Each structure stands twice: as structure tokens, then as C-alpha cells.
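Scrolling down, you'll hit the structures one after another.
Each of the two complexes below includes subunit A, the first together with subunit B, the second together with subunit C.
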Partner chain A sequence: MSRAWLAVFAAVILLPLAVRHAIASEIWIFAIFGLGLNLLLGYTGLLSFGQSTFFGSAGYVSGYLLKHYGINVFAALGIGVLVGAVSAALVGYLCVQRSGLYFIMLTFALNQMFYFIAYQWTTVTGGEDGMPGIGRPVLLGVDFRQPLAYYIFVALLFLVSLWVMKRIVESPLGKILQAIRENEVRAQAVGYDGARLKLLAFVIGGAFSGLAGVLYAMLFGIVPLEAIGFVFSGNVVFATLIGGSGSLYGPIVGSFVFIWLSESVSVVWARWPLLLGVAFVIVVIFFRGGCVEAWARFWSWRERRRMATRLAS
Partner chain B sequence: MALLRTENVTKAFGALTAVNGVSLEVEAGSLHSIIGPNGAGKTTLFNLFTGQLTPTSGRIVFDGRDITGTPSHRVAHLGIARSFQRTNVFPALSLLDNVWIAAFARRGSWRGFAWRRADRYPEVTERALAALRDVGLQDRANQLAREISHGEQRQLELAIALAAAPRLLLLDEPAAGLSPDETQRMVALVRGLKGRYTIVLIEHKMDIIMGVSDRVSVMHFGSLIAEGTPAEIQRNADVQRAYLGGVVVE
Partner chain C sequence: MLYALMGLGLSLITGILNIPNFAHGALFAVGAYFLASTLHVVGNFWLALVLAPVGVAVLGLAIEYAGIRPLYRAGHDYQLLFTFGLSLILSEGIIVVWGPIGFSQLPPPILRGGLDLGFIFYPKYRLFVMVMAGLLVLATWLFLEKTRYGAIMRAGIEDKEMVSLLGIDIHRLFTAAFALGAYLAGIAGALTAPIRGLSPGMGVDMLGIAFVVVALGGLGNLLGAIAAGLLIGVAQSIVAFYWTEASVAVIFAVMAAVLLVRPQGLFGIR
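And now, the complex of A and B:
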């Protein structure tokens, strides 16, 4: 077991002692969302500015089924993952035809399209009021309305998600996606269909977003319209970059920083996004690899200093 | 038997005809060089072979199979590998990963490719290491491609092509931008590959061409103007006018 996993386990156990259970749950949900994005952003080099399309769609579909048909919680999660993957396949199919700025604008434009469908279709989505009344079912005698019970449920799903994503990025696919990021022409020349593999990355990322979307809906009992809006898409990009898009664990750190700031500091200081802005500027200028890189550099700097003092004495 | 054959291949970009009615046969097991001044259309011809570009007219046949207009990732699976004139590697990946990816592409099976750990493919790793050994980079397997020198990147470029276990190897100026020393090493490398692979070589440096080639084709303004053994080409007056500017090579 690596140090990173020990740190993750420790965080999962200690977090509910430090912050409210709802916030702790939200951190891991957002981390799952970030893991999905980072397969695109960090590994494949695709800046998707429309991840909330999949997050929100899954939340709406599963939320609707939970609310009106009281389906099983695992069915809700499964359907959410499926909706996330299918919507990502649709959006991804159109987006991977283009690259660079056009790619980003397409993800954004399609996100806006989904947003306005949700906005207009008030009979189902509740439009601006959101879709309230989503319950957390009782499962195997455990009442998930208990915040701690739900936290444990979310944390376990997060650990499973992290393990799955770790397997994916350490598989040949992980290497191939990085090769496409580094040099798509060369990747094609050695035999990889760039468009199709980018689409696959989209689908996997969408599945993670879908899972996060359903967990989010069950956490707050509502799918707010913002869950499918572009601000939400931007937030996950933001959080992932602050955490570090070059690492598997970056989005987790980013989610922690982002949710903690937005939920804790926002109560004390209404201008909290200013802090986030400063953090973002620092990251972009000094630490392109986000918090993860800052941490690694700090340790290597300490190590070098220790060596220097040992040599001096 | 010809492994690669082109029939009247033409590629026009608007008013510019970069490749003009080229018919060429590359014998299996041979080293066939294509020479010609800058802008003669040599690299364009490679791009047509590998599917990066589609010919305006004409046919390209590889091993009895028409591959005209086949996309590049499919061409790679048929066993045509190329190196690029401008260094074209995966900068942020290790040397081993650079070649590993090429070796994996030719594995034929995609089973478990999104789930099984990459280090559980010993035969791919073995082939990747063999390709690095072939070009003499085995000691630097864990370094990143962007950290090695230009000369070493050229060797890596070649290793990526070799890792794909190609049936036809297309080398686009492997010695481009190399120092005399590095060029010597590259020539030795290419000579070592001769006989193991069918090779088409684009090159400017005459000493390389004349020393290693079985056949030489000369391109000028998009057309083939001569073909023959190195000795025949050296004597050919047209070639000397077009390519060597009248200077006789000793």
C-alpha cells in the first residue's frame, strides 16, 4: 500500500471529525467528479468545459426515478453512471471531431444546450426551482438519512472510484491517452485511432460524473438547476487545476480545497471567491502542477537542505 | 516480389503538384533510398504511403493489398512504421513508454487494455526494451524523452518505429540535424537494420545513401527522374544536373 493511499484512508476517516458530515460527503462527491474530468484534462489533454452536462443529466434522471418510483439506491447509481456515460458519448462524439479552442467551445455550447433543456422542461426538472424531494432510501436496515451513514456510503464509493481510476490510468489505455495528449499525430502513426480513444476517455469521464451527480442529488435531496450549469463545469476544472491535473490524486486535493473554502469560508466572508482567484493565479504562475506539485517541490527542497547541512557539518 | 508498389501516384495541393505520377517498386528485404533536393516531394510521398495524406490519383499497393487512402492508424496495423524528419516523440513520457506504446499497438489484441496493469504485459515490455537496445538507448529507459539530446531523440524516433515490428520501415532523414559523430552512429545503426527489415530511406547526405542502398530513386519537382543502383545514379547526368548542381561526386 502506497503512502498516497494511506493519506486517502486517513482523510476519509478524519474528515467527518473536522467538518460537518454533509460537507465531508460533498468533498468526496466532488472528488469523484474531478477524477472523471482529470482523465480528460490531465491524461488526455482535453479541456472539457461541459462536465456538468453529464453530472446534471444523471442527477435529473436518477432523481426523477427515485422521487416518483422509489427505485433501489444501487439501481439509481447504476442508471446515473449509465446516463453519464451515454450523454458523454453523445457530446464526446461531436466534440472529438475538433481540437483546441473549437473543442472547448463545443463542450461549452453543448453544456448550455442541456442547461436550457433543463431550464425549460419545468414539468420534469422544476426549471429554476430545481427538482426537490429526492429521498435517500433505507438499505439493508441502514437509514441513509443519517448523515454519518450516508457519509460512509459516499466515502466507500469514492474509494472504489479512485481504485477503478487508478487501474485505468495504470493500464495500457492510460499510457495511450497520455501519448495522444503528447503527440496525437505520432500516436496515430503508431496505430491508435485518436478520435475513438478520446471518445472512450469521454465516456469513462462521463460515467464518473454521472455517479457523482446522483450522489449529489441524494446528498441534498434536490437537483438544483446549477448542477447542469456552466459554473459547475467551470468549478470542477478550477478545483482540478488547483489540486494538480498532472496527478491521479490532484483532483482529490482540489476538491478538498474548493469545497472546504466554499462551504466553510463562505459563511464567514462573502467574498471568498477572491481567495480562490488568488489561489488559481498562484497555481497558474508558479505551480502548473497544482498543490500536488507544490507539495513535491517542498519535499525535494527540504531533502536538499538536509543534505546540504549534513555535508556542511 | 515488390512489397510496396505505387502506380502513378499524384498529390496536388491546389495548384502545386507535390507528387507527380510516381510509380515505384520496393523489393522485399531491400533498402531503397529516395533522394532529391528540398521540396522534391519525398516526405509527401511518405505521408501518402502511411495514410496521413490521400493521393489525388493513383494507387498504393502494400503486399498485394490496395492501401490508397487508408487512415494512418490502420496502415500502422498492417505493418508499415515510419520515423519522422522532424523529431516526433512523446516528450513527457519515459523512453520506455515511448516505445512501449508503439509495441502495444501491434499486439493485435486489445483484451484488458483499460484494466490490466501495463506492467503485466511482459512480451510488450520485452519488445520495447529490445527496440531500445537496437538503437543503443537501453540504459536510459526511465528518462523522459524531453530530457535527452537531439541526437538521442533521433535514435528514439527510430526505436519507436522498430518497436512496432514493422514489415516495412520508412525512415525520413534519420540523420537530420545530427553532428558528424552522431551521423556516423546513425549510419551504423541503419546499416545494422539492413536485411532485417525492408527499408525505404529518405536522405540528403550522399555518403549515407551510397554506402547502404540497394536501389536509389531520384525525385525532382515531384517526379521520379531516375532509378538504379547507387553506382548507376552517381554516373547519371540528369541526376547530377538536378540534384548535385553539376558537381561530380567522387
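And now, the complex of A and C:
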């Protein structure tokens, strides 16, 4: 058990004591979302600007089934993961054929397509009003309508997701994806099918997004139209980058900072996305590398100072 | 034609600067709002139509100089985050300055009403926009193909290092390209204002379309942007006639269909 895991466990236990249960749940849900993106962004070097496609689609499908057919929680989660993976396979198939800027633009454009479908298909999605009335059914005698019970459920799923993601990035597959990130031509020369592996990473990322989407829908009881919009896709990119995309734990730190930031500025001013935009710009100009790297830089600076004082004395 | 204009501007910016410009839609919206405001102040539509896009170009100039220039070596993820943040700032700024509720803008008196073309009755202003957009695309094409500056820009798309080795200030080229792209977005927005009215969300809708045009036409490919813009515009109008609800989604469906057959885009050679 490493120090990072201890820190994660401590955070899971301490967080509900510090903030409202709903916000605490939201942080872990966003962290799952970020883990999925980070497999693409941090490990495969693919900048997807359309992750909310899978998040929102899963939320809508599972939410619809929960609302109208009252399906089991695990069925809802399973379907959400499946919807996330399948939609990611569809989108990914088109996107992985191009690289660089084209890849980014395509993920964004297809995100817009799903957005407009959700926007216009009002009979199912509720259009601009969102899809309200999603319940949290009782599971094994536990009433998930209790915020704390639901928090524990979300936190457990987050820990499972983190463990699975850790296994993925440390597996041979994870190493090959990193090889593709470093040099795709060489990875192909060694015999790996770059496009197929990128698609696989895309599908796994989509599955994580799907899980997060369903948990989000159950947390707030509604799938808002924004959940499939491009701002949401941008937010998760931001959260992952401020956390530090090079590290497995980066998105977790990022989702902390992001949710805390947006929750605290959104009560100050109705035009808070403006402040968020300002925050994006500041981070990009001054804090490239994210929190994890800033922390590492701080440590090495302290070490150097300690060495310097020791040498001086 | 408007799509071609938008795509052209984005294509220039993305092709030359090699950054994903997610603020392009916001610049389009700012162009429309600038038109409404200058019209309010100077009272002359034509003067406003000249001034508003210039204002957007100046804004683009400032953005490039202050924000994007330090980021050329930063990687697409941070450039994306920057332009995305910028687009949030601009579109929320529009709400702060002009309010969250959209309003409509009348075309100038001369261009109100319709024109009987024999086989169809067509609004005069839309005809004017088509001609204007066509002329602008033509002017941009002439600028890029026939002038020295245009040649430098095209060279910048091909090979930036070589251009700077030949003693051309690459940063000035980047700034000029961004300003020109912003100008095209601004004038597209200004021309659109009397057709669709103004609303804070207008930029985002257009942004998706502009990216589709660029993805289909190819980065920095002028002819591609025009062809893709026309293709999408025509597809959209045909679908809008039969099934209005799907008219926006069809843009992306067309893109997906084209990319399935030709992953490299309409004119791409990979």
C-alpha cells in the first residue's frame, strides 16, 4: 500500500466531514470522469474534447430506464458503462483515423452532434429543460436517497475505478499506449496497430465516462442538457490538466480543485463561467504542468534550500 | 457561403498558427454584437458593417499578442484550454454587456423586403449576404494567391521554419493571420445579425460548424473550406425543408459520412 493510496483513503473518509455529501460525491464522480480522460490525454497522448458525449449519453439512457422502468442500480450502472463504451467506439472509429488538431476538432464536432440530438429529441431528453425525475432505487436494503449512503456507494465505486485504471496503465497495454504517445511511428514499426489500440483506449475512457455519467444522473436526479455539452468536455480537460495529466492521481487532485472552485465561485456571481474562463487562462499562462507538478517543484525547491543551508553551516 | 467564410477564417488561424482556436465562435458572436452597437451609435448600417469586423480584428490582434504568443511551444492541450477559457470569457462578457436575452436586428431599409427572381421569391438581405460573402471569399482568395503577403501566409502553412529562416518575422505573420481570421469571423457575425438575430449562444453553434468545415476541407486549404462550406450549407437547407428538427445534426452526419468514405477529408492527401 503506497503513500498515494493512503492519501486517497484518507480523503475518501475525511471529505464528507468537510463538505456537503452531494459535493463530496460530485468530486469522486468527476474524478472517475477524469480518470477516463487521463487514459487518453495523459497516457495515450490523445486530446479528446468530446468526453461529455459518453458521459451524457450514458446518463440519458440509464436515466431513462431508471425513470420509466425502475431498473436495478447495478443494471443502470452496467448499461451506462456499456453505452459509454459503445458511443466511444462509434465516435472513436471516426476520430482515430486522424491525428493532432484534426483529432481534437473531430471529437468536438461529434460532441456537438450528440448535443443537438439531445437538444432536439425533447420527448425523451426533455431538451433544454433536461431529464428530471431520476430516482435512486433501494439496493440490498440500503436506501440510497440518504446522501451519506449514496456518498459511500460513489466512493467505493471510485476506489474500484481507480484500482482498475491503475491495473490498466501498469499492464502491457498501458505501456504500449505510452509508447504510442511517445512515438507512434516507432510503436507501429515494432508491430502494434496504432489506430486499433488508440480506439481501445478511447472505448475504455468512454466506459469510465459512462459510469460517471450514470452516477451523476442519480446524484442530482436529473440529466441536464449541459451534461452532454462541450463546456462539460472542456471542464474535465481543465480538471485533468490542473491536476497534472502525467500522473495517475492527477485527475483526482484536479477534480477536487475544479469542483471546489466552481462551487465556490458559482454562489458569488451568476456569470461565474466568466471567472472560470479567467481561471483557465491564468492556469495556462502561469501554472502549466498542474498541481502535482507544482507540488513536486515545491518539494525539490525545499530540498535544495535545505541542502543549501546545510552546506552553508 | 457564410459557413465558408467562417471555415476560411478558422482554417487560416488553425493552419498557420497550428492551434485549435475554440474562441472562433465567440469572435463571430462578438462581431454580431459589435455591429448592433456601432449601428446604434453611428446610425449607418454600411459604416457599422465596415467598423464592427475591424473591431473584432483588433480584438484578435490583442488576444494573439498577449495570450497566444507565449503558448506556441506549450502543446495543444494548453492552447485548447486557453482558447476555450477565452471563449467562455467572451460569451459571458457578451451577457454581462448586452444581457442574456437575444434580440433581433433589422437589415438596412434598402435591403428589406424580397425580390422576385422569376422562379422564387427571395429576401433581398439574404441575397446581399450571399453576394457579400462570395465577394469576401473571392477577395481573401485573391489576397492569398496574388499578393506577396498572401504568398508568405501560404508558405507559413507549408513550412514555418523555412519561412523564418528566409528572414521573415514569423511572429508578425502569426499575428496577421490571427487578425485576418478574426476579421473574417467578425464580418460573418456582423452579416448574420440581421438574418438570425443576436443571442449569446450564437457563437457556439457556429463554432461546431466551422470545425466541421475545416475538418472536411483541410487545414489552410482555401478551396476545401469553400467546397465544404457549400456542401454543408446545401445539405442543411435541403434537410431543413423536410425535417426541421434534424437540420443542425445533419451537418455533423454529413461530416461523419464523408469521413467514413474519405478519412483524409474532401481534398486531403494525408
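Heads up, the rule we're going with is that the second predicted complex is superposed on the first by the 291 of 313 C-alpha atoms of A that agree within 3 Å, B and C clash if a C-alpha of one lies under 4 Å from a C-alpha of the other, contacts with A are read in each partner's own complex, and residues count from 1 in each chain.
Methods note: contacts are C-beta pairs under 8 Å (C-beta built on N, C-alpha and C of every residue); 3 or more make two chains touch, one makes a residue touch a chain.
Keep in mind it's a predicted model, so treat the numbers as computed, not measured.
Chemist: Classify the contacts of A:D193 with the two partner chains as first (subunit B alone), second (subunit C alone), both, or neither.
Modeler: Touch partner of A:D193: subunit B, not subunit C.
Chemist: Pick one for A:L41: touches subunit B only (first), subunit C only (second), both, or neither.
Modeler: So A:L41 only meets subunit C here.
Chemist: In the overlaid three-chain picture, which partner chain does A:E303 touch, first (subunit B) or second (subunit C), both, or neither?
Modeler: It touches nothing on subunit B or subunit C.
Chemist: Which partner reaches more residues of subunit A, subunit B or subunit C?
Modeler: Here the partner covering more residues of subunit A is C.
Chemist: May I ask you to decide whether A:L110 touches subunit B, subunit C, both, or neither, giving the answer as first, second, both or neither?
Modeler: In the superposed model, A:L110 contacts subunit C only, not subunit B.
Chemist: Looking at A:R271 after the superposition, I want to know if it touches subunit B, subunit C, both of them or none. Which is it: first, second, both, neither?
Modeler: second
Chemist: Contact-wise, after the overlay, does A:N183 reach subunit B, subunit C, both or neither (first, second, both, neither)?
Modeler: first
Chemist: In the superposed view, which residues of subunit A touch subunit B and also subunit C?
Modeler: none
Chemist: Once bound in the complex, which stretches of subunit A touch subunit B?
Modeler: 167-168, 170-176, 178-179, 182-183, 185-194, 200, 204
Chemist: Under the stated contact criterion, what part of subunit C meets subunit A in this complex?
Modeler: 14, 18-20, 22, 67, 70-71, 74, 76-78, 80-82, 84-89, 92-93, 95-96, 204, 208, 211-212, 214-215, 219, 245-246, 248-249, 251-253, 255-256, 259-260, 263-265
Chemist: Considering only the defined contacts, which subunit B positions touch subunit A in the complex?
Modeler: Contact set of subunit B toward subunit A: 50, 52, 71-74, 76-77, 81-82, 84, 88-93, 97, 100-102, 104-106, 112-118, 121, 160, 164.
Chemist: Within their complex, state which residues of subunit A touch subunit C.
Modeler: 41, 47, 49, 94, 97-98, 100-102, 104-106, 108-110, 112-113, 116-117, 120, 230-231, 234, 237-238, 241, 245, 271, 273-274, 276-281, 283-285, 288
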